[in-house]
Amino acid sequence: MNQPSDFIIVAAVLISIGIYGIVVKRNALRLIISIELIANAVNLVIVAFSRMLPNSQGQVFVLFSIAISAAEVAVGLGIMIIAYRFYKDIDVTEYKNLKN
Amino acid sequence: MAGETASQFLPILYLFGFGIVAGISSVMLSRLLSQRRRYNPIKFLPMECGQIPTGEGRSHFMMQYYSYILMFVVFDVMLIFLYAWAVTFTSVPKEATLPMMGFLGIMFAAMGYALFLAGKKGIW
Amino acid sequence: MGALNSEFRFGNFVGSIVQLVLFILAFVTLLVLPIIFFVLFFVPLPVVDGQVLTPYLFFSMMVDPSRTIPVMQFLIHTDLFRAAVFPGFAFAALIAASTIFIERKLLAKMQLRVGPLYAGKIEGIFQLLADGLKLISKEIIVPSGADKVIFWLAPIMFVSTSAAVVALIPVAPGWVAADVDVGLIAVFAILGFFPLIILLFSWASNSKYPFIGGLRALHQMVAFEIPFLLSALPAVIFAGSLNLSNIALSQNIFWNILVMPVNAFVFFISSLAELERVPFDLPEAESEIVAGWLTETSGMIFGLIQLGNYLKLYALAGLFVILFLGGWYGPQIFPPELIPGASTSDVSLLRLVALEGLYNPVTINSIFWFTVKTFVVILLMLITRGINPRIRIDILLHTGWYKLIVLTFINLFVVLTLIYGGILGPGGLISVK
Amino acid sequence: MSSLDEKIEEAKKLSMHIVKESEEEKLMTLSVGPQHPGTGHFRFIIKLDGDYIVNVDLDLGYVHRGEEKMCEYRNYFTNIPHLERPVIHDSANITYSYSLAVEDLIGITVPRRGQFLRALTSELDRINYTLYWLAIYGIFLGHSTMFMWPAADRELVLDLLERLTGHRITHAFNIPGGVRNDMPNNFKEKCLSQINYLEKRLKEYEHIFYNNPLFRQRTEGVGVLSKEDAIKLGVTGSVLRASGVPYDIRKVEPYDIYNEIDFNVQYMKTCDSFARAYIPFLDVRESCHIIRELLDKMPESGDVREKLLSNIKGPPGESFKRVESGRGALSYHLVSDGTSRPYRVKISTGSFRNIIALPFLLVGSKLGDMPAIYWSLNYWPIEADR
Amino acid sequence: MLKQLVNPVNPSNFNILVSKLSDVLVKALDEPLGYAINWGRVWSLWPVHLETACCSVEFGGSSDPRYDVERFGILEAFGSLRQCDLIVVQGTVTRKMAPRLRMVYDQMPEPKYVIAMGACAITGGLYLDSYNVLPGCDGIIPVDVYVPGCPPRPETLIQGTFLLQEKIKRSKIK
Amino acid sequence: MADAMFIGLSILTIGSAIISLESRELLYGGIALAVSLLGIAGFFVILDATFVAMFQIAVYVGAVAVLVIFTVMLVRSPNTVTKRETVKRKISGIILSLAFLALFGAFIGNSAVSQFSFSDAVPAVDIKEIGRELLTYYSPVLIVLAFTLAGAIIGALALARREDIEEKNEPAK
Amino acid sequence: MNTASGFIRALESGTRHLFVKRFTLRYPEQKLKFVGDGYQFDPKKGVGIAGLRGRHILFHDKCTGCQLCSIACEGIAEAIAMVKVDEQWKQNKKSIMPQIDYGKCVFCGLCVDACPFYALYMTNDYELSSYTKQHLIYTPSQLAIKPIDNGEVEIKIDSRGASHG
Amino acid sequence: MERKSEIELKKKSLLLSKDILNSVVEKFGEKVNVIYDKRNRSKIMVDPEIIVETSIFLRDNHGFDHVESASGTDYPKEDQIEINYHLGSYVNPDLFPYVLVLSTKTSRSDPKSNSLINIFPSVEYFERETYEMLGVYFIGHPRNERFLLPEDWADIPPLRKDFRLKGR
């Protein structure tokens, strides 16, 4: 059960959940959550392959990836808060509506 | 074989489990032993110094220190990289410290500016 | 339930406890012994001392008690034993309990009074038991509008997360529940759960004071996490490993605190902040926000959180000892044999008493020194509580972010210069290994 | 007239803090008291914007017991027990002022030894009050040891007072015409030794409390009440003296024996919470000196009490007398209509006059400053409520 | 849950046996448990921080080093009423304070005890005739022990808590 | 043992990932996200990448999840309950994700991925090796990362500034 | 540097107190010693004699039932009620004596001042708590009992701080 | 037994009070009555309409800058309520021991008076209390509302003489 393909399947399921979230959800926070899920699934795949090879570079790459996504969340939430302060809502469709 | 290091982590889970067992059992025991009376709804009002509570308990209230939490996210990342460096410190040539110093320098500059911004207490 | 006798004395209490124990023993004998025998006969048994632990062996042990020693030896080297009893839960809980007692007595002494005195005849030694029994029989109030799931789960998570930290603390060479390669980072990672739990709990209480308290706790822990992590950095540089046992082993020549006193100081301060102890007990500042995030806790929920707090206190004090105070190193004060000549004598009872095979002077010595040092650190924390008022949140944030970080960096650079100057480190004047 | 308008505007700003309507929704309303470890018998409602206090509304009267009305139904003597209840740990001073007012109305003077005894209890009670206040200040700032030490040392004073007057805190000792009883034997020696010990103990407070950097951080520069504001708001006692006005009734309008006593008026010019916390402490030291001086100068024997009829009638008229209590000027305005009961008694207490500064100081400060500012105002809620 | 498991199969004998057994268990456990828990309650009374009037001075005084009620397990340092078991009504209950007092009492978790401290809390004391004072607090909350005095000496209060402890010892735990 | 752990972790991860998107309360969504990321850290542990796993926990649970939950609390409570999506959008989302899943499944089934296996003989990657890589070969990336992080924090702080600060900063004196 | 020295001073002071004598009076075992037998009235001087104002003591052989104490207390707490007693004393024709409700009494001692026959004094007894309000009402016969006075500790001051003997 | 300096002080205070009272009487003439002039204490009764001007005059010309106390007294026989402000000074050392009682009268049936809050901010709570206890409405005071009494107080103001305590 414990083979690279299994990890990849889990990652694929996570990615598809993330895609579902991105397509369906209109709540900014949920969008961020979806993005995080996808990023993590990808990290999982990388680490799985890095263990398979075995090669440390995969792990280094994942380290960078996590760092970047943390930074991204910080900025994303910063943007969200400023949007919330303007529109008093975190629904992205609302932002569009208000602009018109 | 994959999963070997995982067994190192098992005792942590054991202890976590002990904590949960201890917690749940004591809470259950306390439910068994304690007398409970639900004669009045006032009892279950949130406590507010003997007043009837006004307003929501969970407001969207903020302290002025949001910026520190934002900063924490970023510098937490920085720290772990520092640890990766510290572990390797003795086994790499001394020049390898230079990029880390660069990293630190840039982060320090950022931190300084961020602290300056945060110190202005205008952050929501 | 039944009424009580009018005559209430401590002796009666003890008597009733004994009665209870006897009853349970009888019960266990009747019910559990058959199960034991079932297991003995039908379940494949571990090999101990070259022999399979058969029922025969079991009965022979009853005849010759000293033969139980290999079984014990086997037992204490299992993971479960380590997690449950010795370096793990029971040990930590014991230290936590004694810490509470010492805290109350010590503070009382400092404040010219006597502290708990009457609960359990001798100097109020059973005060904690009384408090625990009281708390366990106390009603738990869940405020209306509270988030029930989080409200019940958060305290339990609090305790178990504290316990998980305890798992990583080594007390002697090889004596650690979880010997993790990345132990130090694991400690920090697990400590990172606490702000989350507190924040969620304070949110779940649906009340104002807990909410402010939770926010304060979050800010405080977040502010001190970074100096906290940074101050341990030079120790890792010396040890070249993140494994806590290795870090302790790397201090066999000199204690880290000699090289990085500032970092030790910062670590101490930060762990006070992490523990929400005076002067950093802002999240529970009773004169401002009633009891902070503990405002809505009642009964056992409060008790659990206190237990978690003291477990955490032990874990952090232990971590301080491991990182800075040279871990378990100390002069050897235990004799090589518990009872001289016991190993060669034929009296089996004597061998049992001498714990032959179990008794390892080095390990015992390590445990002893580790415990002593831990208590010293705990004592320092307690005294700090006695002499300081509470700090204010903005001063606290300022201290955490502007001062402590700079201090740790200064010390880090001092250490780096020492290493590059060829004084410390591999190839230096004082070599680590 | 325009300057007057300006001043009026200024006064309005001083007394009211009105928050803009638009800001209202971001605020959190927090009730502090009455079941709150931070206030006691008192409540105020603060509006918080994050960590900052933007509005304060006081809600007094949780211990309003109608003392002034009750006075009108009791005669000049039976008024004593209930009049000392508002500040039971400073009861010698609150009855002192009342007795002075009644004596002023009737026109008698107290025998000299009685005057000394009154001053003695007054000073002892000042120490008692201040140490209690200091203890509570300690606990307000989360310093449990600082609760215990003054509370312990206060017991020394209470012990003395108990010997002298018969009760730990509610002495009912000062009555119109003098004091109830003479000193017991050996009191002087006992008093001297305990006061000396107390003075030694006071040094420790400086180490652990006043010079503690954390305490300094929390109080220095916090809640600054400038001299002008202090005068404008009419605060009194230690709050006033911490703002740089050397105004002590014992000095400016000496009553009874105080013009023969040599002592200094303590005042500071930093105007912040630290000064307000430090002045009462200096007062305690000064009181120790005064007590020693009093015991020194006290006549060996003599009357302690001018015998008055138990239902003495006051002549029609008014009197207004004040003493310096632990919290500042404590004055009685007594109106008599010639019967054996006072027609109107108005008690103007230091607490009631000091609390006016609270909203003024709290607005704009942080929530964490609240206990430090509030208790530095030397406020005893019951006294303000009466 | 056990009952539900047992019920459908054989409602007669086995059920009775189980209930008998559990009766025995309860009897055997109950008395020691009662002792133990009441013993815990006796030595761990945490009073709520509610000051109604001037008796609070002596109440505070009773935890000072001279009298140190922590000897009896009485800890006065608790901010929140949710962790407390004891109200000491410290004096006059005014009409303004009365609803708050009642509310504090209501919000405390069971079991809870009340000590009326001072003449005012017992009968109104000095302020019997005042327009804003209730004649004693037993009109609003049930009082366990009366401690007279104005204010009572800490010794009297401690003696009052002894009485309360006796009462707790004789009470049922549930 | 490892199998059981793997299955348990997958259920935990995927289940909480679904909850994180579908829970009615945003707060629970945040908690579920934390749990899901914790599950991924568990996978990392199984894959012998302990350092990465701890990094994951420290950063995601200790910081990102806290930040997300904190932001949830910041947002007014009516907004934390999810509005109902239109059914059409939901169905299309599900179809899209299923399609992706099918595509991916086909891809895995038809490639050599399924034949890959972990080599048991080779020991796991040491932390020191990661550090060495980081400091030598990847050191330029480290600098770039530093710039990214610096930009991120300064940008986030600049964004989160309050416009009404000028009037706010002067408390009514 | 000021900061550091401040902390060190505080630490030193705190640690020093670990070796100072405890101040605690172990109450149920030890009891305080007071001046005299309680607050009394000195008939010669016309002023009181210092003493603790605890529970009253009534000397039945002196009380005349003149009600002056009751009148004095009227304006204070109305704690004194005059009740009939069975005893016959020749100075007390009406056979009424004060009965004191300690639920109301504030221990001011003004009734002692008011009693012209020195029949009412106060004692060192302060252990008055009870379970019910009724038990707080002390009848004249209860008031006549002299309390057992066994307190003997006082504050002692020596070089290691103040303590109770 | 009084010492010499004491006598001097007495004289000085009398002179001082003469000064103040004379100037007030000069300024406002008939509308001001001096009720008494004792040592360190004197009382003037002014007409209700000039109370604000008088206090401004006293503040600006003599340095009375705060009130020690403000209260009212009910005189049902004369159908009047007397309002007293006890003025004191913190800036003028000569006036330290001196308290000037500034009082005015208002009718009992419709008690109204001009508030001094704009001249002496320190009267804020005193006036609020007087409003509550005697029912005097202070014109210009921002908060003539309940202060010390319970929220549900429905009786007449308690310090009026016709409010009787029960049982007395």
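Each chain gets a letter, A, B, C, D, E, F, G and H, in the order it is written, and its residues are counted from 1.
We adopt the following convention: contacts are C-beta pairs under 8 Å (C-beta built on N, C-alpha and C of every residue); 3 or more make two chains touch, one makes a residue touch a chain.
Fair warning: this is a prediction, and the values are worked out from it, not measured in the lab.
Peer 1: Contact counts by the stated rule: is the higher one at A-F or C-D?
Peer 2: Looking at A-F and C-D side by side, A-F shows more C-beta contacts.
Peer 1: Quick check for the class: compute each chain's Cα centroid; which one is farthest from the centroid of chain A?
Peer 2: Checked the centroid distances; the maximum from chain A is G.
Peer 1: With centres defined as the mean C-alpha position, give me the chain C-chain H separation in Å.
Peer 2: Going by mean C-alpha positions, chain C sits 67 Å from chain H.
Peer 1: Could you tell me the distance, in whole angstrom, between the mean C-alpha positions of chain B and chain E?
Peer 2: Roughly 38 Å separates the two chain centres.
Peer 1: So what's the Cα centroid distance for chain E and chain G, whole Å?
Peer 2: Each chain's C-alpha centroid was found; their separation is 28 Å.
Peer 1: Note the residues in chain E that touch 2 or more other chains, in rising order.
Peer 2: 33, 37, 49-50, 64-66, 68, 71, 77, 79-82, 94, 96, 100, 104, 107, 109-111, 126, 128-132, 150, 153, 173-174
Peer 1: When you check chain D against every other chain, which residues touch at least two of them?
Peer 2: 28, 34-37, 51-52, 61, 64, 66, 69-70, 73, 81-82, 144-145, 147-149, 152, 155, 170, 208, 212
Peer 1: Among all residues of chain G, which ones touch two or more of the remaining chains?
Peer 2: 10, 13-14, 17, 22-24, 26, 76-77, 106-108
Peer 1: Using the touch rule from the top, collect the residues of chain A that touch chain B in their complex.
Peer 2: Chain A residues touching chain B: 2, 51, 63, 66-67, 70-71, 73-74, 77-78, 81, 85.
Peer 1: Along chain C, where are the residues that touch chain F in the complex?
Peer 2: Going by the criterion above, the answer is residues 147, 180-182, 185-186, 188-193, 195-196, 199-200, 203, 218, 222, 225, 240, 242.
Peer 1: Touching residues of chain G toward chain D in the complex: what are they?
Peer 2: That would be residues 2-3, 6-7, 9-10, 12-14, 17, 23, 34-36, 38-39, 42, 45-53, 72, 74-77, 106-110, 113-114, 122, 155, 157, 162 of chain G.
Peer 1: With touch defined as at the start, can you tell me which chain D residues reach chain C in the complex?
Peer 2: Those residues of chain D that touch chain C are 28, 30, 36-38, 51, 138-149, 152, 208-209, 212, 214-215, 217-218, 366-371.
Peer 1: Could you list, by residue number, the parts of chain D that touch chain H in their complex?
Peer 2: Chain D reaches chain H through residues 4, 7-8, 11-12, 14-16, 60-61, 64, 66, 68-70, 73, 230-235, 240, 245, 247, 252-253, 259, 317-320, 322, 329, 331, 333, 335, 343-344, 346, 348, 352-353, 355-356, 385.
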